[in-house]
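Which chain is which? They are A, B and C, in the order written, and residues in each are numbered from 1.
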Amino acid sequence: MTRHLQLTEQGRLKHFLTIEGLDRELLTEILDTAESFVGMSEHQVKKVPLLRGKTIVNLFFENSTRTRTTFELAATRLSADVLNMDIARSATSKGESLLDTIRNLEAMQVDMFVVRHALSGAAHFIAQQVAPHISVINAGDGQHAHPTQAMLDMFTIRQHKKQFEGLKVAIVGDILHSRVARSQILALNALGVAEVRVIAPKTLLPAQVKTMGVTPIHDMDEGLADVDVVIMLRLQKERMNSAFLPSESEFFRCFGLTEAKLQRAKPDAIVMHPGPINRGVEIASSVADGPQSVILQQVSNGVAVRMAIMSMTMRSGGTA
Amino acid sequence: MTRHLQLTEQGRLKHFLTIEGLDRELLTEILDTAESFVGMSEHQVKKVPLLRGKTIVNLFFENSTRTRTTFELAATRLSADVLNMDIARSATSKGESLLDTIRNLEAMQVDMFVVRHALSGAAHFIAQQVAPHISVINAGDGQHAHPTQAMLDMFTIRQHKKQFEGLKVAIVGDILHSRVARSQILALNALGVAEVRVIAPKTLLPAQVKTMGVTPIHDMDEGLADVDVVIMLRLQKERMNSAFLPSESEFFRCFGLTEAKLQRAKPDAIVMHPGPINRGVEIASSVADGPQSVILQQVSNGVAVRMAIMSMTMRSGGTA
Amino acid sequence: MTRHLQLTEQGRLKHFLTIEGLDRELLTEILDTAESFVGMSEHQVKKVPLLRGKTIVNLFFENSTRTRTTFELAATRLSADVLNMDIARSATSKGESLLDTIRNLEAMQVDMFVVRHALSGAAHFIAQQVAPHISVINAGDGQHAHPTQAMLDMFTIRQHKKQFEGLKVAIVGDILHSRVARSQILALNALGVAEVRVIAPKTLLPAQVKTMGVTPIHDMDEGLADVDVVIMLRLQKERMNSAFLPSESEFFRCFGLTEAKLQRAKPDAIVMHPGPINRGVEIASSVADGPQSVILQQVSNGVAVRMAIMSMTMRSGGTA
């Protein structure tokens, strides 16, 4: 059903809510489209008129400067007009429902909603409700999905490894609460990597982990052995309590990525992180700033990948 | 005097502060101009270059996401540059006076102020002070006026009823504290409707109601009988105390618009509300979302009407 | 060293961090470039495409609506895209370091940082760290420098006095804590005025005042005698305590600028103030609004001077 919600009858991307239900061909089309926007940053004028006259609403119910900023830049570089909605201060605080907020913005003839919300399913709900010409992009919903982050990660992996076949990828950290990990796992499997390992203490792995197409491992030395890609997750410090985790230093000792532990991976393994990083908590500074780190390339690619997804969804809107 | 302040010597719109003193011809010109912008929303590129290179300042001393957003969209679709001033955080909090704030923005060669302020008369005061090339638009001042809201309401009525002659219009709710109602009453009378009824408990009607050109009525069944248009006002919940009002449920029972009460109006009567609506307080959800509701069309029309008013005031500025 | 940091090998402006190390020729080039932008405000379309497709980040760690607004307007009138970073709400509050914030924005291919920070040296630090294509402009760092303010002041002086040779300039107020005064003193001396006097109580003068190329004076009558330019500083009310200052009224009596005291200056002396002004604290309203005041012209010139500095630093970036 999600598949139908995201795609037009012709199979083109209409909304971008989750990696679930998207096939390798479509994910590859996103990566290829993003490729064409990467070179643009070297041009004198970093803008294309693809979305000129379109209004894109950044509807952020949760704060996220970094994600909002890359979406704003992506929209601006496509020549769209951007409306940043500061929801905490808006009519929703006067008791207006989410649906009434959406209906009102829709009535102002906006063309796209970029939605971040603390509730899983918020972007899906909005996509089910909006008028046919509007596209919805999920910029993170609860612990469910963060699909544009996953796609920029895939883009960065392809940039360095050329193809997904045969790759061994380790995702390390709080898998249980991570919408990023959930979307990465779906994308990596759809794109055909050889193995996805999730490395975490048992308390930070979902109960149904075996059904996710991953190999759960509780030890860094074992998990990092021979991998091509190491993806570190951000440790949400607010989760740091006795129920889930012992202490920051204990976590770092067991699951933090150090130069020594990274030696277990392939010599040309790349190190990724969705940011913002907690130096000395989940990753050592020497690794984050080291030669194998591609963390800042992920940020750069984030703009291009979001431009690709925005322009693809709007294109399908035009022909719907 | 307000008339002179709002109009150039040639009788063209220079500022837009109140409906008072504007004649039927000028109000009709606004509606006709807005008409030309309504179709634009169906174009691929929803922009015209009418105000390119102009700087429009949203000077909101009171929060109002919806109104600010439609003004921002209207300005953007006229290709103007928009400066959103968050007054709570600005130099006024360093003790700078309103007039010094205005003088400084003026010195930055801005072209228009869109002003919302909790004090009645704030926009007039600013219009009296600004340099000749600057236009001022009142986006709501205290309990005095909200003229762009009234004009989008007139636009919506004309869209459905074609002409104002012979129409019976009921405005329901807290007339006493409503700048929206004040502006609507002036506009409806200037445009020549047959009758304007105001329906409210006695505590929510102004003392001088008889001089406003309206029929005061205290009962919904009587008031809604045979009307063409029902305008519900938003109930300001902060007013909900024993002095003015009994309780929310009591108010809804007496003055809330339900399907049953709406039966008293003409079968093709339209239902309006300036939003954001309080479902189940002043209006039942079944009516707000029902076939006679034009509430979301009001929002759409708000962008076009504000584009009309912005472009008309700036045009007169150019020739002054 | 700062000189090298600010200039390219060809001696063109790359960053704009401090007046220190910039020679008369370069300061004059800034003033001449600003001149060409001043006339633009009378055009119908107040925009030039010089920075089209460039992304300028307003990185304000300290609030300053006025300064941020003029930078935003300057960038917009050069056709650049502006990203306003509300640092209080951003990832830095999630514990990200300043350097990580900069590295991330850099990775998004932005072209310029306009930085205001409570710590002296913040803009220098950022300029030392950024990629070669990025320019950094200091919009005020601690008590160190506010060089764009100084340049708009120089522009305003030249506008009225035609040349700097032979001018006597008095700067009045809290010199000790003023980054504005520090930058003004450097600029006035570099441009060759005859004398810079600083007028303040001893508690508000820096210990090393003698080495700054100024004449310290503790009495208004003596200090204002025969000057061509009077620059009043804003009194930071939070400094108003027994250690530095007696009381507001006492300060005004001794160092506030009144019509009577202004009589001591040359008849055609101009009165300046960086704003926002404290009426009746450091300056009488009759003087601030009087015929010799050029305070609002300073604001107007601020946009043109910042356009000049922005376009000059970006031009050098293009050829670097």
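Convention: a contact is a pair of C-beta atoms (placed from the backbone, for glycine too) under 8 Å apart; a residue touches a chain by one contact, two chains touch by 3 or more.
The chain lineup, named per UniProt: A, B, C = Aspartate carbamoyltransferase.
Remember, predicted model here, so these are calculated numbers, not experimental data.
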Graph class of chain-chain contacts, one of line, ring, star, complete, other:
complete
Tell me the rotation angle, 0 to 180 degrees, that brings the C-alpha atoms of chain A onto chain B, to the nearest 5.
120
Chain centres from averaged Cα atoms put chain B and chain C apart, in whole Å, by 42
Listed in rising order, chain C residues that touch 2 or more other chains are none
Which bits of chain B are touching chain C when the two form their complex?
52-55, 81, 83, 85-86, 89-91, 94-97, 100, 103-110, 318
Using the touch definition from the top, list the residues of chain A that touch chain C in their complex.
41, 43-47, 63, 65-66, 69-70, 72-73, 76-77, 237, 275-279, 296-297, 299-300, 302-303
